[in-house]
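Input: a single structure, listed below in structure tokens.
Which chain is which? They are A, B, C and D, in the order written, and residues in each are numbered from 1.
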Amino acid sequence: MNSIMTKAMVRRCRRFCSNLRQCRIPNKKLASPPITDEPFLLALSSKQKEQPVAAMGCPNEGCGYMAVTDQAAVWYLHPIRVRYQETDQMGIVFHGNYVTWFEIGRTELVRQLGMPYVQIEREGLLLPVVDLECKYVSPARYDDIVLICTTIEQFSPVRLSFRSEVRRIRQGEEYPAEWRGQRPPGELLVQGGTSHVWVNKEFRPSRLDKSLPELYALLKRVSKGNI
Amino acid sequence: MNSIMTKAMVRRCRRFCSNLRQCRIPNKKLASPPITDEPFLLALSSKQKEQPVAAMGCPNEGCGYMAVTDQAAVWYLHPIRVRYQETDQMGIVFHGNYVTWFEIGRTELVRQLGMPYVQIEREGLLLPVVDLECKYVSPARYDDIVLICTTIEQFSPVRLSFRSEVRRIRQGEEYPAEWRGQRPPGELLVQGGTSHVWVNKEFRPSRLDKSLPELYALLKRVSKGNI
Amino acid sequence: MNSIMTKAMVRRCRRFCSNLRQCRIPNKKLASPPITDEPFLLALSSKQKEQPVAAMGCPNEGCGYMAVTDQAAVWYLHPIRVRYQETDQMGIVFHGNYVTWFEIGRTELVRQLGMPYVQIEREGLLLPVVDLECKYVSPARYDDIVLICTTIEQFSPVRLSFRSEVRRIRQGEEYPAEWRGQRPPGELLVQGGTSHVWVNKEFRPSRLDKSLPELYALLKRVSKGNI
Amino acid sequence: MNSIMTKAMVRRCRRFCSNLRQCRIPNKKLASPPITDEPFLLALSSKQKEQPVAAMGCPNEGCGYMAVTDQAAVWYLHPIRVRYQETDQMGIVFHGNYVTWFEIGRTELVRQLGMPYVQIEREGLLLPVVDLECKYVSPARYDDIVLICTTIEQFSPVRLSFRSEVRRIRQGEEYPAEWRGQRPPGELLVQGGTSHVWVNKEFRPSRLDKSLPELYALLKRVSKGNI
């Protein structure tokens, strides 16, 4: 069994989980199997080995941390048209609107997974944002068609994070809702991401694997690339 | 007793109440006292007569309709600074933002009355908009200081309507939160109004005089000009 | 020649044009042909007579006022998905957002006419809103699919007004971008309209028939129902 | 002369300037004076030494990079009231609105410096956002009073970055527009920051020390804490 975890990944896993003290990998356990800085492999069947490795999970039982590798990330694409209201007097889209667009991308991603966010809220779960970052490369303008591209970056039973890109495409260009590959199509305008925690209606943290196991199973399946 | 009601006012009252069939003034009753087109007077004490007539109520028992006369309207003033986000690529404020500003004006008005809107919602009441109108005279621009001016136009136990104006003032100008007079200060940019109905959390109509009588009493008091 | 104009229409035309004193139909001229309250007919070729009358124009030379009749209005339909950002704490769409949606509808209408609004602005023309009204029948909610329905109501060389409706449709329902008929499909949520004036970059009024005659011709053609 | 620069600071300076290749400190020059990880001191007069060190500048001639130290940062405070429109159906402020609030804070900061942002734009300069980050600690709610706290973090002639915090205060609490101290008052809700570049109307980079030297001088003065 070749479950290898890099130091960087352990660090990331701990940071991601730290608030809730779930991930307590004893340092001894980490010593062997050898920790390398190479991408690591989960124990895979021979059939799976032919496919790109889609996800890396923390070997600690019960942690549930999973990171989606770049090679196999599925980008969910959703085109929108820039609204007049979204421009500002610089003649470009006001920078805060990309945050709204990221949200649209996430909504469409979970719809594609098979469980619309309205239904998630109906089950009593909320997914507030705890962290946001955004790099502005080039401005979108009124009436542009932009593709909101969203992918799951990492998750555990208590947290979930997305990467998002906004890319300009041309009138008439059409793309499938799911895109496998390093980079989604179009001209990069903005890239960023958001982190979230699962909470109940009283804003108390809620473990997704217990409160909505169907969705947790969907996340695991899609992060392994076999939806 | 000189309770005179104009035809125009009866028409307005009926329209305002019609959805809920509360105002059924028999035509006979309207015939006397004589219906004129002059402003009408409620039965007033001699002390009150010296003050401008502030409100006209429907003489029909239980209707509760009350219109605030122009002469005695109290305008509630609230200054705000125009945000960059509120501009659009025309270089002026996007026209939809005045609707948000009207809402701010109403929030400040009910706070001044003595019952913040957060408290009203905590009591289980909502006040959704059912009608909106807006005339755009001159555009507001980034960093302008505008005065949101709001007054109660008319109300009944089930409905409430406001008139709103947005007026530009200059840096350093200060005005009291309550303004009595025909026209609030500053340069008129936009004028309009909104109508609302009182509903409960399930969006069912709710009679304010029963669900929150303190607030209904406040409205009556202020519309008579003696807050 | 049976160019009949109703009194109501003359009133409307005058109100619409009054700011710019273009429509000065002498009362004498209005007396004959007889002014009735029936819908009136422009002088039509026999071929046109078989089609529904799409527009009523002011007979005054140079006025250019044209109203689109209800029978033959073309509604331009554009579906959008309600965004999370557009909701408020009442759990419904904040009422100001319909104003943004109306704008989207107008953008899509002029694109359908054949001249995208970006191009109009590139030609140096702006179309600010001078009047807005909005009736709220039923609230839209997060993730609803709503159809923004827009039609040209009336126009002259200096003004243009639209009627707008927001209607809820169900997932999977599809409609053509142009809809001929009294009522567009779906459940009515909000209806209203906006009036606009053509201005140049300095916000001075600009006669569309002179500054951008191609667009003016398009408006005339479409309002007669033969696009 | 005790101009000591830490390795971390050199790294930051290079990253901040790298796009425009202004900061080319030869490694030799950095070797002496000794690079430590302690805060460093500019060559200061004895009078200045009694004051907290407010800014650290890159010793490279012409680089102009300056970082404001935590000890002496001036926070500019600006209270606002949360609008109904800013809430979403979670019952809290939609996370994208903090981005708009950060912008308000920056507007008020430059106004306090003595050059309103409207005037900066009138001079032909724009300051678009190139980077944004935001950590959400606790949600703001409708009608809360929040203090937008903004401070200059670092700048060079071509770039400028701010740190921003949103803090909840109570009705009636009042604070001066300028706050010196580690932490501004109130309960921390959100913290983050934005980076910007100076560009002209054509979105070409513009050196502030040449295009608007008065403002550049203001920035230098305030970052040394002696406004």
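A few notes on this one:
One rule holds for everything that comes next: a residue touches a chain if its C-beta (ideal position, glycine included) is under 8 Å from a C-beta of that chain, and two chains touch if they have at least 3 such contacts.
Only a predicted model underlies this, so the values are computations on that prediction, with no experimental measurement involved.
Of all chains, the one whose mean C-alpha position sits at the greatest distance from that of subunit D is C.
Over half of the residue numbers at the subunit B-subunit C interface are used by both copies of the sequence.
Subunit A and subunit C have Cα centroids lying 43 Å from one another. Inter-chain spacing, taken between the CA centroids of subunit B and subunit C, is 30 Å.
The mean-CA centres of subunit C and subunit D are about 48 angstrom from one another, to the nearest whole unit. Each of the following residues of subunit D touches two or more other chains: 84-85, 90, 92, 94, 96, 100, 103, 142.
Subunit B makes touch with subunit C in their complex at residues 89-90, 92, 95-97, 99-100, 103, 121, 126, 128-136, 139, 192, 203.
Within the complex, the subunit A residues that touch subunit C are 81, 83-85, 100, 103-104, 107, 116-118, 142-143. Of all the residues in subunit D, the ones that touch subunit C in their complex are 84-85, 87-92, 94, 96, 142.
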